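Here's the structure we're looking at; comments come further down.
Residue numbering begins at 1 within each chain, and the chains themselves are lettered A, B, C and D in the order written.
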Amino acid sequence: MPNSSQSPAPEAQAHEPRVVAFLCKWCSSAGSDLAGVSRIQYSANATPITIPCTGSMSPLYVLSAFNKGADGVLVSGCHPGDCHYMEGNYLARRKLYLVKQLLQFVGLEAERFRMSWVSAAEGAKFAEVIDEFVGDLRPLGPQTRLKAKH
Amino acid sequence: MEKILSKDRLREWVDALDDCEVLAPAFADSVWNYARVEAETVIDLSHTNTINPPKQFAFPQREVFFRFERADGVPRLTPTLPDPRPTVVIGVRPCDGRGMPRNDTVFSKEFKDPYYWARRERLVLVGLACNQPHSPNCVCQSVGGAPHAEEGLDVLMTDLGDRFHVKGITAKGGELIARGGDAFASLQAGDPAEVARVHAAASSHPQRPVAELGTVAEAIRARFDSPLWEEMARHCIGCGICTYLCPTCHCFDINDEVTNPNHGTGERVRTWDNCQFPDFTMHTSGHNPRGDLGSRLRQRVAHKFLYFVENHGTQQCTGCGRCISECPVGIDIVAVVDRVSRA
Amino acid sequence: MVNVDALRGYAADLLEKGQVRAVIGYRRGTAGVLAQPCTIDEAGEAETLVWDPTCLNNLARYLVEDRQQQAAAQTRNKTPDGRPVAIVAKGCDSRAVAVLLQENYLKREDVVIIGVSCEGSGVIDPRKLAARPEGRWASRVDFAGADAFKVTVGGDETLIPARDLLADRCLECRAAAPALNDVLFGEVVTERGLDEPFRAVKAAQGATEDARWATWEHHFDRCLRCFACRAVCPMCYCPECVVDSTTFVNTPGTTAEEKATRIRWCERSASVSESALYHLTRAIHLAGRCIDCGECERVCPVNIPLRLLNTKLEMEAFEQFQYEAGRDFGQASLLSSFRDEDPNSFIR
Amino acid sequence: MSKRTGVFVCHCGKNIAATVDVKKVARELAKDDGVVFCEDYVYMCSDPGQGAVIDAIKENDLDGMVISCCSPTLHEKTFRDASELGGLSGFRCEIANIREQCSWVHKDPDEATDKAIKISRAAVRRVQRNEPLDPIGVPVTRRALVVGGGIAGIQTALDLADAGLDVILVEKQSTIGGNMLKLSETFPTLDCSQCILSPKMVAVSKNPRIRLLTESEVESVSGFVGNFRVRIKKKAQYVDPELCKLCDDCSQVCPVAVPNEYDEGLTNRRAIFIPFAQAIPASFTLDEAACLGLKPVVCGKCEEVCEAGAIDFDKRPTVFEEEVGAIVVATGYDLYGMDKLGEYGAGRYADVLDGLQFERLCSASGATEGHILRPSDHKVPKEIVFIQCSGSRDPENHCAWCSKICCMYTAKHATLYKHHVPDGQAYVFYIDIRSGGKGYEEFVQRSMEKDGVIYLRGRVSRVYEQGGKLRVLGVDTLSGRNVEIAADMVVLAQAMEPSKGTAEIAKTLKIGLGKDGFLAEAHPKLKPVESVTAGIYLAGAAQGPKDIPETVAQASAAASKVIALLSKEELHHSPTVAKVRDPYCTGCAMCVDACPYEAIGLVGGKAAVNEVLCQGCGSCVGVCVRAAIDVKNVSQLQIHEMISAVLAA
């Protein structure tokens, strides 16, 4: 049986979550830059991958990250109406809503996939989003459900 | 060795095999399939045939050949031979029992496949004779088998109502029965006759004939270029059901599964493959020698009834009927062989 | 009631007059009770057409096959026969045709839809039939009004309540007659007292997270990766599946670089993780495209409840985005459109 | 695919090296597949650092380069240029951001180093599959469109024409001049607004390079930077400006009277009228909506009396299609709706006015010919209250932003009032006085000290009428007392908001809006006049509240950007655009629907990308279920490899 989210195994307590953060180039990546410029400290568990726009997110990126062992996947883009490409974040929102619903439906822990809107001006929010996410992931222990077992 | 096993003592026998992985048919998700026998399992041998044949226990769908990695720029390989616990499969139907020796031939004739044999040598098949056919598509007798055929099985059990007649066929089978000890009783006077009667009754159920079995190979050869193949395959959707469920299909693919792309770490893996997938014969050039549905159907049927006969002296099909019953579009190997033979 | 003779006559007439190239329909199979797909090229063969509750296949799958063959013929510089193909279509099948039209895979003038009503009922689930005594030996199943099927075993005919044999998808069907058709045999029945739409998926999502995963881990573990679900699906017509390159697009023009750079999203190993990746990707790629013909689940040899994955997303599409696949072939697809009021509260 | 990748890890002095073990990053990266060169260096962006990049490429025959350093927004161009100098395509150089996204935000050296390795590794995997692309060259149409004929649009058009460019100036109303034309005097100099604006308006009308289209609107825009195609719709021109002699005979006979929007509704006008004497084009105009009926003609009196024969009721709207290389949006502002300030009696009491109405009262061309009189009874107000931040700086109820000019114009209004009514008393309720600007603070001080305007720091809670007076209840937070003033007139310094139609024009032009509805600039600091869409620029209050000098400066800045853009022989467009993998495409057109730029069409049943229109956003990639489309250099394969690299144990 896989680890239950209610009762993580003892070794899970010590597990440092590994997060892949897909950041749109214009807002959230710029927001993370601002967090840096402002020297706002946050958890180092999330590794950013910059994409042109959340609209370019293929659902496969999310599934693949879980397959390769991500404990959490974050997709962060521009607030509605603020997309550099006008509409990409709206397309992403609809698509990733469905991805999230599907992942939850098969029983992946709901907390493991998250989406956020972080603008270029929201360095502090970027740091909060990462810290909250990592904080929520920590009690879940390692993601074993969709991870490939070699 | 022949014994009688009261149905209520079957569990006793299984419990005696505590160093073995024991599998038996279980009805779950509306299908019969092999499942590990656990302490709480109630073994139910009223099964029709299992959806998967037992070939997976010697030829699993995924087998790791070796691991590879690169340390300081030097590649290193670590072979990984399987080392399974002895595995006992209970309730194997005789058609599936006949499938195993055919697979054994394939995996040993020119090259003894160490991965296959590491598992196969520790595999014991306990058959259960069929007292009546499970479906209109059971054609074991039409391809040279029987509802109580012993070929390939280590033990054959026959259901006599409240008890099984249990016959050790191989030495492995005999040993397995011996481990049951007191659970087994000796045959009573009437038992051999009762067994014979049950077997005869089972054999008397009519089955669909597979043409004139002896002439099928020649007929296929003669109609190799017939447009019939394309016509019969016209609605084939190219899935893997007929081959993956076949007790004797054994084709595979080999891939490297990379686990760490930065340092070239991974495993070389064998997985099932099958001739009905369009890319099975795809060349790197883009040319596909079996590019149409007809040639792929022909390959499957000819492998069973022509090539295997040529190479190994017997039909590869054992008449289990799975490929007919489970085909999503009603492609029926009996009808195909029949049409080719009569064309 | 669908008059099967009239249907045969209509098909024969289309072929006779040369109005269609072929008629894709159902005929009796050679093994077992189920009808099987057939393609009729000559009027004389139309006599073999049948329509009964064992006509399970979604024949739109063969429109895809047909288009691929037409395209292949064109590349071989043969002049393709430009006439349309006729197809016998149930309600769900006609929705599949609508999606193919929406996605420009077909043109409306390329297909003649011979609609058949499911008589207010639907088609059978062969597993439910086989689970009944003697069910495996049935030789015929016929409609007997909306509420029952007439099952013939040997010489005996038995009436069985429709609910006991109906395929799950038919129990939840919202349109048991094809809305998109060129001719319709049988009556349009809209009121059906069976199950609510999405009943099964709603029940499934009521389980706890751990229970849901235990269920799906069990199913993904059982998957054989025979790809019958994909092969039977009329919407899975991609030249190459992104998840498992079982159908390589390899042409003389394919460069070595392209061959070397196929993305291995998923390994061929039939393990839980890889099968999960396959099925989840397939589900999300069918979002807004699945018309719930249930064929994927019907053909699955190990009976994985694949329909649930698709209907889950169709339910979300319907409830959150008021989108129904196959409702209107002029609509923008689910994922290439959006509305300002789409759900946003799940986003931090 | 790159097989000889080089990696440089920058210390950035201590900025990176204090937290990230740069030596370890270099050591680890050196082990990765395809990495043949890996070093750390103290300041990569320095001249020797860039030189090291060039040398490394040459000496090691590198075909890919990763610089692990600061954000790519800073030095991506630097290192791509250096790569080019080393003989390597700039597109084969990628930045791994290990400063903003790593060393600056993490304290633990082990964690930061580990993350820096992952970030760098992902960049290596990406660059190894980058294509060496060439920029896409596009011809340029040397002509510009200016949308909006207020001071911003006028200044832009004049500057562009001055530089020898042809300009189309589109204005929705029947005269150019915008809000500035309504003002009486301007702060802090108190020169007459119409006097300083009208010469520029005349210059527009006389400039042969400027084609002025009033009563016109942009219907649609297609194309891209350097090559836009715009459709402009001009309302029916019932009065021919060429023939109109401005004799006023027509309006004399017109039986219709409607509120005059050019006088902020303080007076009425006829259905045929001229907005201002200084209107450009200098012509009467016929208000179709107010006229008793044109089709069929119901009244027709004006046509009968027009000796010049300038009136033709059979005119129809016309639609132009024009090609331009650049667009400047100068659609200006409106005042925040008075109807939303019910608590101040706005809309209820005739003597509660907004700032523009007060301008009209003060203006010699206004209803009262420059006398400040109460609209209700035409008496001179002796006590007058000005309320600042009316609708501004109130995120809960109204607008969150500061409208920037109200402090100054209120001071101006109070001063003007004192000049008109020396014995009257002016009160100003304010939150803060924001008087940044040359001569601005002095102006406010003068209004207090010289003109005796009483400034009360605090908000007004309510305005109601009692005994012919407007009773203003407020608080003076400096003295801590409640204040009640019996006023004759109240003037609300209404917030500035984007003009009506700003959202529509933004949608038409495919440029972004900020949360507040003002047009979004491409970068708040470094690209304040560029919109997010290349080739479209912003000027004036449509981009955010600003006063006249700032507007004029931004207008000239926008013009100079356009001039620079259109001075090029051809434009270069980023080549990281979408690319269709033909054999995989089935022509389902989901990408066509998803593309925000109409850059994808179906050609021969397959998707085809117009590389010039494509902005490389990847919306197409996200919707294509067949993975038949990719954005160059951020392909799905590259993302896949990056995910693998990041997660590999």
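Observations, loosely collected:
Throughout what follows, contacts are C-beta pairs under 8 Å (C-beta built on N, C-alpha and C of every residue); 3 or more make two chains touch, one makes a residue touch a chain.
Since the model is a prediction, treat every value here as computed from it, not as a measurement.
Distance from the centre of chain A peaks at B, each centre being the average of the chain's Cα atoms.
Relative to the whole-protein C-alpha centroid, the nearest chain centroid is that of A. Among the pairs A-B and B-D, the greater number of C-beta contacts is found at B-D. Chain centres here are Cα means. That of chain A falls 45 Å from that of chain B. Note: centroid distance chain B to chain D, computed from Cα atoms, is 72 Å. Chain D has its Cα centroid 51 Å from the Cα centroid of chain C.
One finds 35 Å separating the Cα centroids of chain A and chain C. For chain C, the set of residues touching two or more other chains reads 242, 251, 253-254, 264-265, 267, 271, 285, 335-337. Contact of a single residue of chain B with at least two other chains is seen at positions 257-259. For chain D, the set of residues touching two or more other chains reads 594, 622-623, 627, 636, 640, 644, 648-649.
Taken as a graph of touching chains, this assembly is fully connected, with contact between every pair of chains.
Chain C contributes residues 103-105, 237-240, 242, 249, 251, 253-254, 257-258, 260-261, 263-265, 285, 289, 332-333, 335-337 to its touches with chain D in the complex.
Chain D makes touch with chain C in their complex at residues 1, 129, 581, 583-584, 586-594, 602, 605, 622-623, 625-627, 636-637, 640. Chain contact summary for the complex, chain A toward chain C: residues 1-2, 4-6, 59-60, 63-64, 67, 80, 87, 90-91, 93-95, 97-110, 114-117, 129, 132, 145-149. On chain A, the positions that touch chain B within their shared complex are 148, 150.
Against chain B, the residues of chain D that register as touching in their complex are 31-33, 121, 125, 641, 644-645, 648-649.
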